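Heads up, there are several structures right after this.
What follows is chain A paired twice: with chain B in the first complex and chain C in the second.
So, the complex of A and B:
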């Protein structure tokens, strides 16, 4: 193999692209053939719907008419005029505040409790992981019964301690918290598994050294464990918030009185999320604006919201996430250079 | 070796592409002589439709019927997905609750010309049923497979044990009577009924009554509202808000009192634990307001149950009930309009009866062996199920103004209904002024 043909795109001395050898061409073709199904799938099922949904957001179409009608920015302006948009965003944010926080916290607790090898630890881990493999609809239906405010085990359990039980799913103040508790319960196993993998990467030598230096368990956790598992925490924060922004199934399963998606989101609109409202506008409601166009505009609003939140997380992540073995970030390098200059000046 | 590898790679690509294309292609393509019919329901419903269609198949041997079981029909959203995917069957069974939404969107073909060709007139059908399906122009975009009537189903053993006379079959009793019976038939673990001072509402073993208001379901509360002189949406086009009228509020308060003051009726919490109709079938509830499907459920699940039925009672405005219609319709985009229309017409006329356990609306078949005289029917079936269809206050849950989804959802009165059935607010507190604050804006927006 000549030096000129060793890299794709490199030009030869006379300015022409180098000719590929028959072997290299065959290898490239083979690679293309193997990669093509995935690329085609991604284009067909991700890129095309993505672009198409953006296009639909400038149209009105009820899926029945032969073709969509172009309405320009009407759907986008309607987003700002629709008073329900603020409500569904706030409901979704409420879920993030309760659901994501409790998921991150309790997953970490579960990981710390089951990290150390002990008797039956595998059983505990399996038991905690089991809900994660269940259908969200099935889990929602079961927990709806668990939260039954007259005969539900949760209600009866709370009342055993002499505490008056809230109305859980029937009270606007507690309905979203109840849903967040259920999604946390179901997701703990997944978070725990990732946390355990991260905890396995914490060097024992560091922990031992800290012990010798007299650091207690809390100090060791804050100063050694948490920084070293921060990439996993960051990953879980980002992915769980993205998942929370798409909350739908548990709300439908736990709040619709007669299994009708159109009536889900109660009590008093307190659990109607962005995706549920998008579904309502797509399939349930018969308003002037209802249809795939307005639903697509809501979907894109959600996508932009997700992008913005994720971007903020990545910006914050630079400050708080520690990647072992990687070069420090530009900001850290700048800070270090400034500090060195000051020292030199001094 | 390298050639082999390339061959394998190319083959893998070809197979992958073929699978991808196969997955993308519509699955509903059929040959020209096949009629695709979308049906739904439990197994016995499906079987009954297939059985009824045999006459058409015999008369038209060149037409193959392909039944496709799914949600398109009761759930309009499912039909929309099939239409958008260009995979919509030729014939479907719509419900009175979504029929007019389909008509408005042009999903259903006009069957009036086919009826004329077949020599069938609207006079051949139960008037209340066929009139409910006519558009303001008098056109028919669907024909009734049959209908359900809300009636009172009661456990005769429980009435006898309480020393009560059975409800008059023709509905010549009142909602006050119903409330009294419900209290007398509700028993705690010590055998005290709900009228007793020693009655323990925390320990009930037998309930007096079940109404689907516990599910916020219109067939549950609708007849009660009508009998009290109220309603949710009234007027010919069902686009006038009446849900906060004094009569409607009185009816809602009546239903709430049965649940939470008398403790004689299944609450939403109990409903969630086990549906009230199943509790009645199992012999835990003395009376329930329900439709004829209860007869089939009892036959399947508890044939030993001794029961009968009566027409619903009178309220201050008179007797009222609610009908739900299952409707044979033809997809307007079908390229087999003629044969599809002939099939739908056949199923609603010559082939009618014994479909989905419904009351046939064609001629007087309801009074014959297809329904009233069928084996296992309770003795009061005509008075309780068929006669109420002609009551002046009887309504059909059609939605000619396409308002119901918005009006009954979270933007409409759903939160008020949740407050009512959960006993968080009285009927006046929950529904007072709701027309002006919530429902009228929805109606006005729909008319713009």
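So, the complex of A and C:
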């Protein structure tokens, strides 16, 4: 309190608005009440568990024993010795490489096909968006049958062309790719919606000018459209990779051998993901290395992996993402100034 | 099936005027475009339609290619489903409790915080915003284990509480959405109210909330759909069969009744029907909500 009032005295001498006028203090107090639930939630369900989870990663506990035992860095060393960790990370990377790329590509195609307002376009968009509102479990179960090697429409469809169909979910070489195809199918509507919003922000005058200059459709796409929608591409890349690292539901729906949730990840562990392996460590006693403790270490490894990958993307994003020329905002104006400075310097 | 038939009605307002007249080549190109789009769209939603159709076929026609519209139509798989899982409606009830309480909690807490972040100046506002942004990067699995241990201590396993209670404190995404929405509302609204002598709370609840309908609807729908469909968190906390939600019930059919496609597809159809109906009614709001939340980056 005393510190606050002395500050008030100092700033009013400078003739500026006092920093802690009664009005502003009241505003701040009101704000604290408004944000209180969210802040309490952040502490109770984010900050405290984050620290506690790190703590658990130094213990051994199978949830049956009365209390965890401290084992130091054992779980963290185990991460490097456990051959399964390499497998589940590789499976997740496979999914990202295939699934994220196809998601970004096909949703852009869907957006380019449907962003011009014309008759029935709303209907096409509505249909392409529909799978996104369904549950991944329901979708996974349906596609599990679509991929069935005897009666599945996908298999029959491929064989219609006279070529032998792959065994999709039953072959370790194609199982993860099949799952990626399904999540792409389900996510296209989401990606398309964001791309359309971005495409609507591309000024028509710019496109017209390029057309007059003789730029063909491909040139116009690479030189004008893609740079202008690059913030959306960047957003989709970052968020879809964060999501992909946590892949779980589709794998369970499409690969579980029995109704037990933990019995998924086959064939031959080719679709077992980081999160599924963590689930096994929590609940499947025959798999457990160090129970909850090892599961916590896996979870923290996943978090660190996520931070690292996201940080790399932000560094790369600075180079490839183009923020100028969007709706005039303070940020744009500032960037414009720096870019002219850069040009002047060069 | 419902998707194909009912979609045109809801989509109509979105449609722009078609190109009338024009040269023959232009019209031919338009026809080609629509032909291509119809093929793409139909093959795209084929799995959804086919699954619903399978749930109505007799077993002997289950794999016939000409059974898109089942002939004869049978509801025996739906009756069988309730023999396999006699408590199927119970899972719907369990899910509804989580979805309704979770959506309501998310809306109230996130709207309040989003409003404060958009309108009030207070120390720590910038930090709060960046912390919220950072939490979007934190995988839920990291915070799950300690929460699981505590909720187990409290005896909350096999009850909906571990899923509902954290949602009562709002979510980062919803908070961002509301902040974004409130930034677009003109400040004059509050100024007029404060001239009349109303305090911040009165102003918010009397003036701002009635104007927040679109934001509440968009966030509410997205949260609703997401909670209805969620599986991972539920599978952690709800292990006894009596406490299951619908996605768990669906998952339990796989493996146990692998060859009974009629029953499995009947389950898929029943569980998907509420969100499909919601989507067909509120399609524009859901899509607009998605577009806005993406732009908030």
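What we mean here is this: the second predicted complex is superposed on the first by the 296 of 346 C-alpha atoms of A that agree within 3 Å, B and C clash if a C-alpha of one lies under 4 Å from a C-alpha of the other, contacts with A are read in each partner's own complex, and residues count from 1 in each chain.
In this section, a contact is a pair of C-beta atoms (placed from the backbone, for glycine too) under 8 Å apart; a residue touches a chain by one contact, two chains touch by 3 or more.
No experiment lies behind these values; they were computed from the predicted model shown.
Undergrad: After the alignment on chain A, I want to confirm one thing: do chain B and chain C clash, or do they fit together?
TA: clash
Undergrad: Have a look at where A:133 lands relative to chain B and chain C in the superposition and call it first, second, both or neither.
TA: Second partner only, chain C.
Undergrad: Per the contact definition in the header, classify A:56: touching chain B only (first), chain C only (second), both, or neither.
TA: Once the two structures are laid over each other on A, A:56 reaches chain C alone.
Undergrad: Quick check for you: in the superposed arrangement, does A:151 touch first (chain B), second (chain C), both or neither?
TA: both
Undergrad: In the superposed arrangement, does A:119 touch chain B (first), chain C (second), both or neither?
TA: second
Undergrad: After superposition on the shared chain, which partner residues are touched by A:41: those of chain B (first), chain C (second), both, or neither?
TA: It touches chain B and chain C both.
Undergrad: Touching A:272 in the superposition: chain B (first), chain C (second), both, neither?
TA: A:272 sits against chain B, while chain C stays out of touch.
Undergrad: Per the contact definition in the header, classify A:30: touching chain B only (first), chain C only (second), both, or neither.
TA: Both partners.
Undergrad: Should A:263 be classified as contacting the first partner (chain B), the second (chain C), both, or neither?
TA: both
Undergrad: So in the superposed three-chain picture, is A:287 touching just chain B, just chain C, both, or none of them (first/second/both/neither)?
TA: first
Undergrad: In this superposed model, does chain C or chain B come into contact with more residues of chain A?
TA: C
Undergrad: I need the one stretch of chain C that runs into chain B once the two models are overlaid. Options are 1-9, 109-117, 181-189 or 235-243.
TA: The listed stretch with clashing C-alpha atoms is 235-243.
Undergrad: Which residues would you name on chain A as touching chain B in one complex and chain C in the other?
TA: Residues 30, 34, 37, 40-41, 44, 63, 144-145, 151, 257-258, 263, 282, which sit in both footprints.
Undergrad: Residues of chain A touching chain C in their complex?
TA: 24, 27-28, 30-32, 34-35, 37-42, 44-46, 48-50, 52-53, 56, 63, 113-114, 117-131, 133-139, 141-146, 151, 153, 185, 190, 193-194, 196-197, 231-232, 235-236, 242, 245-246, 248-249, 252-253, 256-261, 263, 275, 278-279, 282, 292, 295-296, 298-300, 302-303, 306-307, 310
Undergrad: With touch defined as at the start, can you tell me which chain B residues reach chain A in the complex?
TA: Answer in residue numbers: 2, 5-6, 9-10, 12-13, 16-17, 20, 24, 76-77, 80-81, 83-84, 101, 105-107, 215-217, 267-270, 272-273, 402-403, 405-406, 408-411, 414-415, 418-419, 422, 424, 442, 445-446, 448.
Undergrad: Which chain A residues qualify as touching chain B in the complex?
TA: Touching chain B from chain A are residues 23, 26, 29-30, 33-34, 36-37, 40-41, 44, 62-65, 84, 144-145, 148-152, 167, 170, 257-258, 262-269, 272, 280, 282-288.
Undergrad: Quick check on the complex: what are the chain C residues that touch chain A?
TA: Per the stated touch rule, the residues are 3-4, 7-8, 10-19, 30, 34, 37, 40-41, 44-48, 50-51, 63, 108-110, 112-113, 115-117, 120-123, 125, 128, 131-132, 135-149, 152, 166, 168-170, 175, 199-201, 204, 225, 228-232, 235-236, 246-247, 250-256, 261, 264-265, 268, 271-272, 275-276, 278-279, 283, 286-287, 290-291, 294-295, 297.
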